[in-house]
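To keep things simple, chains are lettered A, B, C and D as they appear, and every chain counts its residues starting from 1.
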Amino acid sequence: MSGLWHNAGWHGKAIALLLLLAFLAAPLVSDRYLLSVLILVFYFAYLGQAWNLLMGFAGQLSLGHALYLGLGAYTATALWTLFGIGPWIGVFIAIPVAAAAGMFVGWLGWRFAIEGVYFALLTIAFAEFTRIGFDHLQITGASGGLFLSVNGPGADKWWNLGGGPLLYYYLSLILAVGATFLVARLRQSSLGYRWLAVRENPEAAQAVGINIFRARMIAMLISSSMTAVGGVFYGFYYRNLFPSQVFDISRSIELILAPIIGGLGTIFGPVVGAIILTPLGESLTGLMEAFGINAPGAKLIFYGIVLMIIISLRPDGVWPWLARHLKLDGARK
Amino acid sequence: MTALLSVRDLSKHFRGLAAVSHVSFDVNPGEIFAIIGPNGAGKTTLFNMIAGAMAPNGGTITFAGEHIEGLRSDQVAQRGIGRTFQVVKPFPALTVEDNVVVGALMRTNALGEARKVAHEVLTQLDLIGKRDQLASSLTLPDRKRLEVARALATRPQLLLLDEVMAGLRPTETDRIVSILRDLNRSGLTILLIEHVMRAVTALASRILVLHHGAAIAEGTPDDVLRNPAVIESYLGAEAL
Amino acid sequence: MSFDHRKLSRRSVLAGTAAGAVLLGAPAIVRAQTKALKIAVLLPQSGYLAQAGQSCHRGALVAPSVLSDFGHQVELIHIDMESNPDVARTQTERAINEGAQCIVGAFDSAGTLAIAQVCEQRQVPLIVNIGAAPQLTEQGYKFLVRNFPTGGMLVKNGLHQIQALIDATKIAPKTAVFLHANDNFGMAQRKGMDALFPTAGLPFKLLESIAYDPKAQDLSVEVTKIRGLNPDLLLVVTRAADAIKLVRDTVRQKFQPMGIISPGAPGLYDEEFYKALGPLADYHIDALPWANPKSKVTQALEAAFKKQQPNYRFAVECFNVGFTFDALLIAADAFKRAGTATGPELMKALMATNLVDHTMIGPPIKFDAKGQNVDIPSGCVQNRAQTPTVVLPAEVATMTPVLPMPPWQGRT
Amino acid sequence: MTAITLNVIVQGVLTGLVYGLMALGLSVIFGVMRVVNFAHGEFTVIAMYAAFILFEVLHIDPLIALLPIAAVFFGIGYLLQRTLITPFIGRAEHEQFILLVGLATVIVNGILLIFGPDARPINLPYSFDSYTVGSLFIDKVRVLAAIAALAVAAALFLFFRYTRTGTAIRACADNLTGAGVVGLNVKQLYAVTFGLGLACVGAAGTLMATIADASPGLAQAYTLLAFTIVIVGGLGSMVGALVGGILIGVSEALAGFYIQPSMKSMFSFALLIIVLVLRPQGLLGRRL
């Protein structure tokens, strides 16, 4: 981040600081609805960063990140409901569980040279396989779901990730900002350069001494770990989990929209994408209501059209274009 | 003098077809060694086996006293062999400087240092003025030099060049020839595969001629170019 | 810190917060100054639960005029939660900002619990219209009541009804197979079945419980498996479209059980079921809570429904419509007794509910300490002339049950 | 082998053939143009609704409606390729993915908006008939659909093998630059290919409508199913798609019968993983 920060022009710095201050102060002035939307924005920005690390930097298309999200969510919530182990400890068990799954998928994929769309299908297959597996896992309630109490001992304490919207707001904000810093830092590290090299041309990367398998595995390790943390947040925010919700392919799809629309392989792309997409959905709902349209499905039709328009007009994402127009440096970053 | 690179009895076949059979040669420290031969002679296969992109079916490759046959290309690179690609493979979305920085990062994890190395190499190869351009925006001659720069940034003992002059105009060829001569003078050993005989005769101290996967001649440029077998099989067909 | 959304107007908030949030523009809030209770009805009108969600929505649409005839003023905000908990959660926040004093919803458990989080924090009562996961009322929510049986209650009442059916029709089944969707609704009932069947004292043996994938493209293998077991009775918990596949493959494979009975699942009585199967849809039985044809509330609701929704049959829709209407009725009744719409007061009144006249069969609606109505009996509804018809209990029945069902052959 | 097991296998084969035809459309599009059609299942469902409408309004049997629907789908595919897809040829997979996910969202919700959420059945006079062979019961609609699927696949096969256009398309698939060099109109051929792919989908959807009821919720599962079959069978292999369909159909049927029906898709995904790892070119595909 430091390099990025020094490279940014004064108005880039000003915009970043103002935005951060606005987000920090938002709960003072905004209503709960807006907060709940912003929580989703930060949540998707965070997950977008995690996914972007693997796809945007290391160039590996995963369409099965719901696997790590679900494993993270289920591990931490099951530890809490079954053994009373709180999420701050649970998260450190959730991370290795999801990371192990990620490493296995990566190992299988990259050892056997499964690339591109084939790798994407491999990730889908694992996520779906696990979804059905959890549908039958009795200890976590199988397809009946796993439920977190709201009045059990300690359930409403912040250290057990229970509480009001402020807790989740700042937690999701910290996650999103922290992930952005982490990603920026990694991007400016030797590892970041190696990832980009592997993404751009694996063969050439290998010829300059990069172990591409290891570089990809590290990206998968960090990406799946980060996604698992997002899963823990999800589990304790909603306080109920169903395999058909959390492991579903539509989860995997929705979490990749923000980074692609925002700008793949950029540091602020996932953030910008989340700031565009979540409020887009909400405002479409608002517009429908304002015009008195009760047509189930109409909102999502418009949403789909907007996706198609953005990807047609700005295939590199909105952020690089925005950065150029705001005359910010580092548009490619 | 012990050879820097020593190839013994190296063979590779694809589905029963011998691409390289029982080739042996030595490259001494500090020399420029060229491999020539008509298309399909097995040059690139030989090259790829040395660079680790392909595992041989038989024979040994020794580099600086260590067996390297069958190692992955990143392991080969780590041991001090840099390479270029016949069809250039830059990192297109990265700047020229960052392309070279990636190379320099093989020897260090410190970005500042890698950047310093990159600047040196880019200056050496006359690319410093284009360091902020995207690699995808370069012309072919510039890309060829970028390939060399990226390989050099890994600080290799031996540089493998795969037809780095192909497709260049004579003036550009001369420019690369003089750059390579300078590099060689500063102690770099070079192994090159080349079609452009002008460059080969200008640079190489020794030449190996491949034909149908087998070595048919080896020696100084003068010796080799007078060799009747060479004239018949290769020069006769293409150069004359 | 407490939140007061009136601190600043929405527009100044928008101007002050994030650039992206500008897109959130919505009409300014105009607070209703009427005596009507403002209720937000959140239902999955799109997404994978759209079929049921839209059916419930029709119940909500018809409710205000009927309630008004009974002296209740309600104002409804209809919201599509898209079968998506994220949407359910943000839209609940928005509805409460826009003045909703009570929430009704949301058919599925994940969505309902997302809403429950918000309602709990903002102290706005949530009335669950439909949702069978037992945990909804076991998690300690203080602002949630449910006028719908849990999966266990449905099975318990269903098994009672099956016994009553056997008594009424004098059939003597010896074996049964239980087939259920492997989703949260199906699993809630499977757990009930596993727990209750061994002690229910029914005269037949349960050969096997089979779970099927709700995403399955067809049920032919499942039917083949059942055919191999050859049970007298087939007990099923299906989603709407699955019931069609089930019966169709049963007919094709010429498997003829004494009856197909469901302990309270949708599917066997949906309009699409009748349209797809015609006469083959007849004689299947659902043991589930049902609209009481003899209640004056039901009669009023039916009349209004016929007028407003001429394309839909009340007899077919009355399960979803009835429970959704009753949820709204419960809210309106509590509001009348409380005299205020403040959350805690309204909730207190809700917990003290003792509602004699309502749509669904059963004694007065009351809630236990956890907010669960523990007394929602099931009746038996049999498809007759492609219309769901109450056949048990006798006091509300309009026909007598027929079992074993007539053979498939010769029905067309 | 017991009769009942045999019955399960026969059902799996018949259903698998129809799945295979659907996957064939994907194989053609993906194999030739490298476009990852993530709206494949959605197109299948549109065809199911088309078959439903033709049956309800004009009482046309889907086995006949198959031809006009396939023709119309060819036109739709041709136009879609010329307008929406062309700019995305050769672009990164994730960009195609977003475009087609957007399109899929529009289609699914458009169907919901127009037709509502109810499943739409086609009640043929023979919908409930089955053939009795020994102690086996074989559904008439499945037999007819499977035969029709084979016929369409055979027609497609002949087209690719014996017509000029078909050969030219295969040339494009093998070597795009080469095809351009020898003067083939690649743009035109791509449009024809996408059209053919969608015609396959149109035919498959029409047949599917006889064995399953059209509803918006089916689409995503069909997309996944088609991809699984194509990868298992082998990309670019026409026979592979049909064999993949049968393999998936039979393995799901057997897993459902012997293990637990709710776990049957697990076996398809496990099969997909195993094939990807051990034989990435698919069972009948050429080496990559």
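To be clear about the criterion, contacts are C-beta pairs under 8 Å (C-beta built on N, C-alpha and C of every residue); 3 or more make two chains touch, one makes a residue touch a chain.
All figures in this text were calculated on a predicted structure; none of them were measured in a lab.
J.: Please remove chain A from consideration and report which sets of chains remain connected through touching.
T.: B | C, D
J.: So using the touch definition from the top, which pair is joined by more C-beta contacts, A-D or A-B?
T.: When A-B is set beside A-D, the one with more contacts is A-D.
J.: Report the chain whose CA-based centre is farthest from the CA-based centre of chain D.
T.: Centroid comparison gives B as the farthest chain from chain D.
J.: From the C-alpha centre of chain B to that of chain D, how far is it in Å?
T.: Distance between chain centres, rounded to whole Å: 49 Å.
J.: Centroid of chain B to centroid of chain C, CA atoms only: how many Å?
T.: 74
J.: How many angstrom between the C-alpha centroids of chain D and chain A?
T.: Whole-Å distance between the two chain centres: 32.
J.: When the C-alpha atoms of chain A and chain B are each averaged to a single point, how far apart are the two points in Å?
T.: 43
J.: Quick check: what residues of chain D touch more than one other chain, meaning two or more?
T.: In chain D, 109, 112, 260, 262-263, 265 touch at least two other chains.
J.: Mark out which residues of chain A touch at least two other chains, giving numbers and ranges.
T.: Touching at least two other chains: 132, 135-136, 296-297, 299-300.
J.: Any chance you could list the residues of chain B touching two or more other chains?
T.: none
J.: Which of the chains are touching one another, listed as pairs?
T.: Chain pairs that touch: A-B, A-C, A-D, C-D.
J.: Under the touch definition given earlier, write down the residues of chain A that touch chain C in their complex.
T.: Residue list for chain A touching chain C: 19, 22-23, 26-27, 29-38, 40-41, 132, 135-136, 141-145, 147-152, 155, 164-166, 237-240, 242, 244-245, 272, 275-276, 279-283, 285-287, 289-290, 294, 296-297, 299-300.
J.: Going by the contact rule set out above, which residues of chain A touch chain D in the complex?
T.: Per the stated touch rule, the residues are 55, 61, 63, 108, 112-114, 116-118, 120-122, 124-126, 128-129, 132-133, 135-136, 249-250, 253, 256-257, 260-261, 264, 295-301, 303-308, 311-312, 315.
J.: Residue numbers of chain D touching chain A in their complex, please.
T.: 30, 36, 84, 87, 91-95, 97-99, 101-106, 108-110, 112-113, 220, 224, 227-228, 231, 260, 262-263, 265-266, 269-270, 272-273, 276-278, 280
J.: Sort out for me which residues of chain A touch chain B in the complex.
T.: 3, 188-190, 193-194, 196-197, 200-201, 203-212, 265, 332
J.: What residues of chain C sit close enough to touch chain A in their complex?
T.: Its residues touching chain A are 1, 3, 5, 7-8, 10, 12-14, 16-27, 45-46, 50, 53-54, 78-80, 82, 85-87, 89-91, 93-94, 96-97, 109-110, 113-114, 117-118, 120-122, 133, 135, 138-142, 182-184, 186-188, 190-191, 211, 213-214.
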